[in-house]
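Only one structure is covered here, and it is reproduced in the block below.
Chain lettering (A, B and C) follows the sequence in which the chains are written, and residue indices restart at 1 in each chain.
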């Protein structure tokens, strides 16, 4: 076991897998010599060289498009999109090609890759360095979407994502890249995709969260406890396919649910989660499911802490739901 | 150490207190979640309360026989605590996992630490996160239909508005859920929690009698079911104006009928006694004499005519007198009634009857069987307005068509509340029952 | 400055008798298939067909110039390349009719087909998206030091797309062994080539990417064959990719040249063909075509449950619920 932050854990995972499987190739802007603008790929180019750690031209569409070709050939590309806000030029390749290749070819031409990209705000990045676009990908059949909240899960989920046969979008909550620290086993282990973690058991209300907002949910729960509200907190870890069993079991137990996410509220993933809760646990509900989300505005620079659904916004929603 | 007081929960029903019947744990015991701790008797039933959390019992409060008010502390626990483990001190290893310092990006400010994110942070595998593992709320109290009732949000709101505890409402909807109709019907049924306050336990109208202590005596606590029964009997006799009407019933035809039907009943798995016929005759008679199926709502000064016929069958058990109820006796067949009586009395004797099965009667029959005596003055099961006592069947000489012949005769004692039921009305009802029993063929005409 | 390259004479003009006859017979077949499918579409029997009438030499010649281990990326109307490389005619018919025996399971509207055994890859009808894929495959092969090249087809309209630019840019930077064959038939749906670009033709665009640009007569199968062989040889030597513009229509006033007829005349000039052979071939070809179409037309549709397969490698819970 070693104490690591999330950057180190992801770096460790990449290094580990590149040693274990020579099909794995890392590519993206500034990932090679510089080691990535967040240092996530630091040291990899030194060890593995030009053929396996590639600095590409500045073209997200080209990064993903050529990576699809690599995947078809039999390599296992792990491309990086430097900020998820820049992913849109690659959206056509991701949605029209990557997500659909296995299906449209009757299984003959699967395209496997893990697309890593930092998401989320709270880093004074403004509109174009702070977005959380997960629902745009969850909505597309054929993709898997993962978002770890801590270093242990980051390494384990990344290894699991690389070994999963389907294309995975691996969203890294950049706000806690360095602040999230914890014990990470050296060597090989995985955290399974499709399994959430109940990070705190409780009786009164279920809080569903992921990424950096998990910590805001925990802080809100600590405050809520002082007001007599006992929260059960579920870290989704894999956004899609989501661990519906854990979610439903929790909501059946507490009868109340609050979803927290940074992404804008309308058609955010919270809407889907609540629809699922209604379908599967309606008769157990004691209160309407609630969402605490980013506003339906672009992401502001100066006022970002007002935009984010931080603990002070989560707390009243949790308490109101508990006391409905 | 986490000290926690467990209090007697409010189970509704107008119950304000309970009597401690038995302790199943003692100080120092380590108790698991859902482990039975204490038996408490309320108005109708003895309930076993289980531990809502795991822990060690530090104190128990109250002796056997003691009355504890609702929300009174019964036990003090030391809960099982699990603070997050401190993070293991991890040194860096020879691995090339180095932290190269701040990011190279020109945009964005990634902090090394953020408030609220300590070293332990979020644990690794599920369940290893910090926080006490907490079980479900108040201890499981038997007497609920469902600790966690299923209901749509609209129904929950209705229940809330009507101050009905959803847990106590018998569910009749799909998927076992409580429907709006269930909630609405519950408030009109007897035994529903009244909207205002609680029904007071009647206090004796005189000073308690003191028996001076002396030698050659043994004292046992007058408690539990016995005390409950004594209170109910006192309330009934002190309130209702008991009038008992006694009459004979020629049961020759009934005996012959039962003898003929014994075989077919056994083939259907039923041991057929006379009681189901009496229940059926009573239900039929109540339909024709609705005054005997009423109850007086003293709080609103209204006489409530019940349009359903739930017949209580007074049953002697080791624990005392219990009255399990055959619901909707008018809509059941003889065989069905027989089965139901069998089922209920077995359950009652084993102490396993549910609260719902021991309440809700609109009329009671008390049948003492072989040792029933000639006749008696049965005490009404308050707040019903009448009770039917059934006594021995005797083979004796009777006069038929001017001749003395051997016949089978049974006496019926009908006590009724003369505040509500006048003598001729009570008598007419009694003769209606007798008419059915002497000419059981007439029951054909009443079959629903 | 000379912007367009010339074809190495070692490759130009070389067409063995065997290959010549094989190419011609194949072109006759694909012409017959094409005409039949155009008629079926006109009659509403099939929903769509991308006709390549007039482009047979460019398509078949290019495919014939590549090696078996090379990968082919069609764009829309290059079914002839798949058939040349070994896709059975009846399999193509199943694709056109979208039957249960279509390798694509009736999931995509017809054309172009894919055929894994022949390394003809599944592509989407979106213009240009396959170009970066082709580059990625070639790039991967060169990274692994394997002598495999990619041939990617597209119409001249695709040269306006994002992915043309992205793909060729990556091809130039990486020196991936790519042969990009641009079929200039004068029209992209209703847009004449003169409105598609202000460049002097399309091959010249290669210069911007550091690639070789070559223009050939697309109706001359010998010329196409030579140009593609040349390009492939250069790519295999590490000299990078080539953009070949196969011109089918020099300008809007000249009459179109029928490449099938032209090839026949070439063979007759070499004494390799005559009317009797033509008649025999024609009968065989039409019989083969009718047999294939009849079998496909009589084959059942795919099963309803097949919609849910191959979206992911394994059926996830939410698709199982939708299916059942």
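Criterion: a contact is a pair of C-beta atoms (placed from the backbone, for glycine too) under 8 Å apart; a residue touches a chain by one contact, two chains touch by 3 or more.
Everything numeric in this text was worked out from a predicted model, so none of it was measured.
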For chain A and chain C, chains touching each: none
Identity of the most central chain, Cα criterion: A
Relative to chain C, chain with the most remote C-alpha centre: B
Between chain A and chain C, centroid-to-centroid distance (C-alpha), Å: 40
Separation of chain B from chain C, taking each centre as the mean of its C-alpha atoms, in whole Å: 82
Separation of chain A from chain B, taking each centre as the mean of its C-alpha atoms, in whole Å: 52
Touching residues (chain side chain B, partner chain A) in the complex: 87-88, 90-93, 95-101, 103-105, 107-114, 116-117, 119-127, 129-131, 133-137, 148, 150-153, 156, 175, 177
Contact footprint of chain C on chain A as seen in their complex: 25, 51-52, 56-57, 59, 61-62, 64-75, 89, 92-93, 96-97, 100-110, 141-142, 144, 164-166, 194, 241, 244
Residue numbers on chain C that touch chain A, as the complex places them: 71, 102-105, 107-108, 114, 116, 121-122, 124, 126, 129, 131-141, 143-144, 150, 162-163, 166-167, 169-170, 173, 309-314, 316-318
For the chain A and chain B complex, residues of the former touching the latter: 1-5, 7-8, 11-12, 15, 30, 34-39, 42-43, 47, 83, 123-126, 129, 149-150, 152-153, 174-183, 186, 195-203, 214-216, 218-219, 230, 233, 235, 253, 255, 282-286, 288, 311
